[in-house]
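Shared between the two complexes below is chain A, which has chain B as its partner in the first and chain C in the second.
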Partner chain A sequence: MTNDFMLLMPLIIITAGAISLMLVAAFEKVTIEQASFCCMGIFGIAFLMQLSNCITGNVTPYETVFNNMLVISNFTRVAGLIILGCGFFTAMSAQTYFKQNNFCTTEFYSLITFSACGMLLLTMVQELISVFIALEIMSLAIYILVGYDRKNKTAAEAVMKYLMLGAFAGAFFTMGAALIYGGAHSTQFSSIGQFVAENGFFNNPALVAGSFFVLVAFLFKAAAFPFHAWVIDVYDGASAPITGYMATGLKTAIFAVFANFLVADESLRSSWVNYLFYFSVFTMFVGNLIAIGQDTLKRMLAASGIVHTGYLLIALVAVSADNFSGNVILYYLAAYAVGTLGMFAALSYLGGEGEKRKSFDDFKGLAQVRPYSAAAITIFLLSMAGIPPTAGFMGKFFVITSAIDAGQIALAVFGIISSILSMWYYLRLIISMYFHEATDSFEDTTSNGLAPIGTFILAACVLIIGLYPVII
Partner chain B sequence: MEHNVTFLGYIPLLPLIGAAVLGFLHIGTCNRKPLNEKLYGLIACVGPVLAFVLALRVFLTLKGMPEEARYLSQKAFTWFQVGELDITMGFLADPLSSLMLVFVTLIGSLIHIYSIGYMEGDKNIGKFFAYLNLFVGSMLILVLGDNPVVMFVGWEGVGLCSYLLISFYSEETNNVLAGNKAFIVNRIGDLGFVLGMAFLFWAIGAGGFDFFSLKANAHSLTPGIALAVCLLLFVGATGKSAQIPLYVWLPDAMAGPTPVSALIHAATMVTAGVYMVARFSFIYAHVPVAGEIVAWIGILTALLAAIFAMFQDDIKKILAYSTVSQLGYMFAGVGVAAYSAGIFHVFTHAFFKALLFLGAGAIIYAMHHEQNIWKMGGLKNKMPKTYITMLIGALALAGCPPFAGFFSKDEILFSTLATGHYGIWAIGVLVAGMTAFYTFRMIFVVFHGEPRDQEAYDHCHEAPAVMTVPLIILAVGALFAGFLNLPAIFGGNQLVSHWLAPSLVEHHPHVSIFIEIIAIGASVAAFVVGIRIAYKRFAVGAEEPQFSGFCKFAYHKFYIDELYDGVFVQPYKKIGNAIRKTIEPSVTDAPVTLASKLYMVIGTAFKVFQVGYVRVYAIYMIVGLSLMSLLLSQSLN
Partner chain C sequence: MIQSYLTVSILLFCIGIVGVISRRNVFTVFMSIELMLNAANLAFVTFARLHQTMDGHVLALIVMAVAAAEAGLALAVVILLHKHKGQLDTNVFSLLKG
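For the complex of A and B:
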């Protein structure tokens, strides 16, 4: 029992932290600045806790805790680690972001922490009802965070769209869960897997339809084609730190639960592989095509997020349930997370008041004025494009080799083509930054916040993770 | 004795760290308030000086080992592993590399110190020192690499740095072109090196690719492959060490700042080729034909460059051709399997050539960037320290006993005679005379006689101590370095040759003392004759000559640059232009442009789908869902 508590310690810290932040927010004396430091502190402690769990604890894979409600494996721990890191850097970016934008209240940080609580739960849940609860904990907090700037029309629009479509997807999930329960007589992942293994998958329509609906809900949250359309508007409307958080933390949580669900049993996964193949290919290419047409940075990054979902789906297709370690998925998530978080951290302090710098043109000549920031952004972009020696390259390399190992040659080829296409929009920003004369002085960006520090730490991480992939 | 150590890696690492720090400092400050110049200078000197200390430690550690087992090695990490090829980032210090280490770091450090004075006031001083540190670091990797691949990293590194530094004054097109020329010519040589390496790997790489394994397996090379390997590697050496036919870049390399010329000519870069041949002596020793070719190319280069040097009027070009000429000697030495003599000449040459270049730098500095010797004259009164040190350097270069150059050059000439290469020996003696002539032509014109440009003369002054002190140290080296390898005939016991013996595969032929006396006598005679002619013609009141006939031909360097330009460069450019204008736009570029346009169109089209209405997005979901359901219903049993 104590062991259970130790393993859940990060989750407990985050939950307690979220509640106490919310309570503390009632006092007027607490400044927004202090709240951001508290939030970073909570994430920092939880991160270290999780790290020490990762290093020291030698649990058997799939150790179940709390009467099979949650499961803890190396996969879930590292996923948790990524989420906590995302939370930490998001709080860091937000600290600087709100020096120039003043719609923040102290509850903002509490909500970030609450959503992290949902994400952490999602990585560990093994049971459909708990998935739904975790999903809602996470989503509700995120809905509010997206629309936090109530005076801003785009933010309001974004939260409306997200909420409505999210509810739509939530409905699919509950429907799916109910059907699965009807078909497999259980909500436990392992029991469902066992049931499929014994009775077959395609001769049970309720199970097929149910798991399909559940899949749709996951694909919606992960922004896969054709459930991707909300991403562009929502990412565009949310404030930069939150967009970064959604793109990284949320995606990590969703893919963790997705992988946990699919690999509950090999037969369950293999019945879906053919379909995931199409989802993956379409997601990559549609994402690329949308990204090519975008003129603002956040919309481009949103579209590129769709493409990365496509890559992660390749990894899901290629994982094998028999010997599931999830390394490839986790590595890709970590690589993607550091790159994207860094990008949004940079946008947090370079965006200016009310995020007035949006388009590619607004960043013209950045390299002349802010050479280090431009260099950091270049590193992030190259990582996302998958150019050595960055983390993104190694991530793509692992994903594609795992696809080849799994015999999915076509998928690997599509992945490579898509990554070539993606250069188009990543390099476009680099060209803007380096090959144009500066028209903007970027003077208002020299605020002494933490986001620049976070940006450079993340840029260093991109290179370190890229050069020494072993550490993950 | 413990052969595995951990400090070897720091020797190249220290200057490299210096380069990184300087580079970041420079990038960070170049657009704003620049940092204090002295700070850059100090940071730059730390790396090479510490490397020198470590090099001494390596040297002393090796000295304490039994002679037959003198080596230190460090396997830092496995660099990469492809098939059979397993390359470790490993470093090896044996007597050969330790000797190189000591003088590369020593002379490198002195040049760094000197540069603090010379580069004073340059706005890109941070960049300069960063490149300089990178240069030394690359050279140290080259010297320390324990396998040809690591060596190649350094080999390419010095090529890159030479490019960066030669075009350092990048405002002028000519300087950039000179940098390009150096880089491109070097790349031609590099191709030879890479091919040689590939051949070597193909033939005996299976038994391990570090120098120890290669040495152990060298006997299993078939003569044909061994010859091919030797010649290909030598092509690399001709590029890096400026031999016929790839010597053309070195004189143009004078476009860089003078300390760079000193670094290129003395401590780094050009010595790499000789070092490499000596390093591969275990192969060259088995292929006498290859050695023969190397020696002949070397001595012909020496002759050609000496002829050119006699007619130049730019002080740095004279020195540049003298370097080419001296390198020719070194190759003649290693070609006749006298590897230690060749390396010894590298060693002594490093001192006096660095000295001469830095002295020339001091003059150029004093004369406000005037390089034409016919604008100088009588400078010995104004710049006594520079005069005396350069005179020592000149005597050493000209081969005056007992200066450093005499012993090393004599050693080479003696070896050619001893191995029966009389033709090479005769040319060598001739070149020795010519060397004395052009060296003292320069000294007399620059320092003696009357000032030719009174105004410049009046403004000229001795260089600051930060520049003269390195000159003095190098002068001491140029004076005494030769005694390290004093041959038996003078009562010495050839310390350097004995030191190098375990690293090299060579045997010293036993010849009568009579031949040795002939060799020495001829060298000294050539020196005396050369200097005498120079004295007669240039000591007092010589005027800038108008060349005609052969002299004019030689003044224009036999029009070889123009020949290369006409035969290789222009046709190549024409072909390139033709491809650019016809094939590229229509054949290769068109489909790519078309594809990109296509994607642009589709991308824009997809923008239409992002209408922004939630209901439409929901419809997408439903449509996707329905399509999937259709697919799924197919698979239901």
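For the complex of A and C:
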């Protein structure tokens, strides 16, 4: 009983922290600076709590109270660690970002914590309606964060697009849950899995239609082809720290719940693998094509996020429902998270007032003016492109070997081709940073703040995770 | 009898999808999404009746609560958009082009 409590402790800390931050925001004495430190503290404590929980196998906390709706395993634990880390570094970059942009209020940090609460819940839930609730806790907070700059017209448009399409996907998810409930008599993953194992999958139209709808909703949230169009606009409209948070934390949570749903039963998984194959290939290549055509950095990173979703789908195709561990997915998510978070932390302090530095050209000659920042950005880009000895390389290596082990040779080949294509737009920024004369003096960028520190910690993490893959 | 309820539910869902795709007013689009959620609720209740369990009723209530939270945020966004442009036609919002 006490062990169950300890296992849920990170979630409790995050939720209590979010609520108290919201209440504290009512006092005018509290500055946004203090709020950001509180937010970091909450994430830090929850991270350490999560780290100290050791579990083997699946634990169902408070079986009778929660009616088996939550299951905690090593997979959910590590996914939770990644999410808490993302929240910590987002608060860090937001602290510096809001020295140059002043649309922040104290509630900003409360909302970051609330969305982390939804994400943590999402990694653990094993029941469709709980998934819906967790999804909405996370999404509602993220919608507000995207449109936080109320005077900015681009942000307002971004939140409109995201909210309309997100709610549309949410409606699909609910309908899917209703149909699965009709087909399988239950909304719990384990009961659905049992039902499918006993009665088959394709002879039950409600179940097929329902899982199709649920799959559509997941693919939408994970920004996979053909539901990727919103990503670029939304990432472009949101502020830099929030874009980084959405690209990493949100994706981790979605892939955790996606994997949990797929491995509910082997026949459920094997019936969808063939379709996921095509989704994954198209996601990678469409993402690459979009990324090559972009001129602004944020849109390029958004498009590269689509490509990374493609790689994660490869890893998802390769998992097996029997003795599922999800190590490959988690390693890739961690590698991608440190690279992307670092990139957006760097953009948070280099972007300047109102994020005026946007395009590749604006960062020309950064290496001459800010050599350390340029070096850190180079490490992140090389990691995303998958060049050794970075974390991104090991992540891609594990994904592709797992695809080969699962017999998906074609998928592995497509993954490698797409990885070569993606060099084009990552190297483009490196070239513009190192091989051009500096036109901008970057004088207005602050060096005193937490975002530069966060950037260098993350750059070190990229190399550490890459050199010692055992840690994860 | 159960089948007719399900037919109504699926019809409502399809009307919702058509509304989201074809309407150009932000407000109408959100209303169509609510329609889709209500279709799902009807399906939940129908299946609960079919299986003779209470689960579906509970789930429908929870979906309603979440939908209300979403509607609250959606209305706030509608007001924000109206402040910026003075109208709610989606064609007006064209700063971002995928």
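The rule is simple: the second predicted complex is superposed on the first by the 458 of 472 C-alpha atoms of A that agree within 3 Å, B and C clash if a C-alpha of one lies under 4 Å from a C-alpha of the other, contacts with A are read in each partner's own complex, and residues count from 1 in each chain.
FYI, a residue touches a chain if its C-beta (ideal position, glycine included) is under 8 Å from a C-beta of that chain, and two chains touch if they have at least 3 such contacts.
Quick caveat: nothing in here was measured; it's all calculated off a predicted structure.
Legend: residue contacts after superposition of the two complexes on their common chain; A:Lys161 is shown touching both chain B and chain C. After overlaying the two complexes on the shared chain, residue contacts for A:Gly293 are found with chain B alone; chain C is out of touch. When both complexes are overlaid on chain A, the residue A:Ala197 reaches neither chain B nor chain C. Contacts of A:Gln368 after superposition: chain B is touched, whereas chain C is not reached. Contacts of A:Ala406 after superposition on the shared chain: neither chain B nor chain C is touched.
Legend: residue contacts after superposition of the two complexes on their common chain; A:Pro226 is shown touching chain B, with no touch to chain C.
Judged by the touch definition given at the top, the superposed model places A:Arg150 against chain C, while chain B stays out of reach. Using the contact criterion defined above for the overlaid structures, shared-chain residue A:Leu179 touches chain C, although it does not reach chain B. Shared interface residues of chain A (contacting chain B in one complex, chain C in the other): 157, 160-161, 164, 168, 229-230, 232-233. Residues 9, 13, 16, 20, 26, 29-30, 33, 36-37, 39-41, 43-44, 46-47, 50-51, 53, 55-56, 59, 62-63, 66, 69-70, 73-74, 77, 80-81, 84, 90, 93, 95-98 of chain C are the ones touching chain A in the complex.
Remark: chain B residues 27-28, 31, 596, 599-600, 602-607, 609-610, 612, 614, 616-618, 620-621, 623-625, 628-629, 631-632, 635-637 touch chain A in the complex.
Residue ranges on chain A touching chain B, taken from their complex, read 157, 160-161, 164-165, 168-169, 200, 202-203, 205, 208, 212, 216, 220, 225-227, 229-230, 232-233, 275, 286, 288-294, 368, 371-372, 421, 424. Residues 129, 132-133, 136, 140, 143-144, 147, 150, 153-154, 156-161, 163-164, 167-168, 170-172, 174-175, 177-179, 181-182, 185-187, 229-230, 232-233, 236-237 of chain A touch chain C in their complex.
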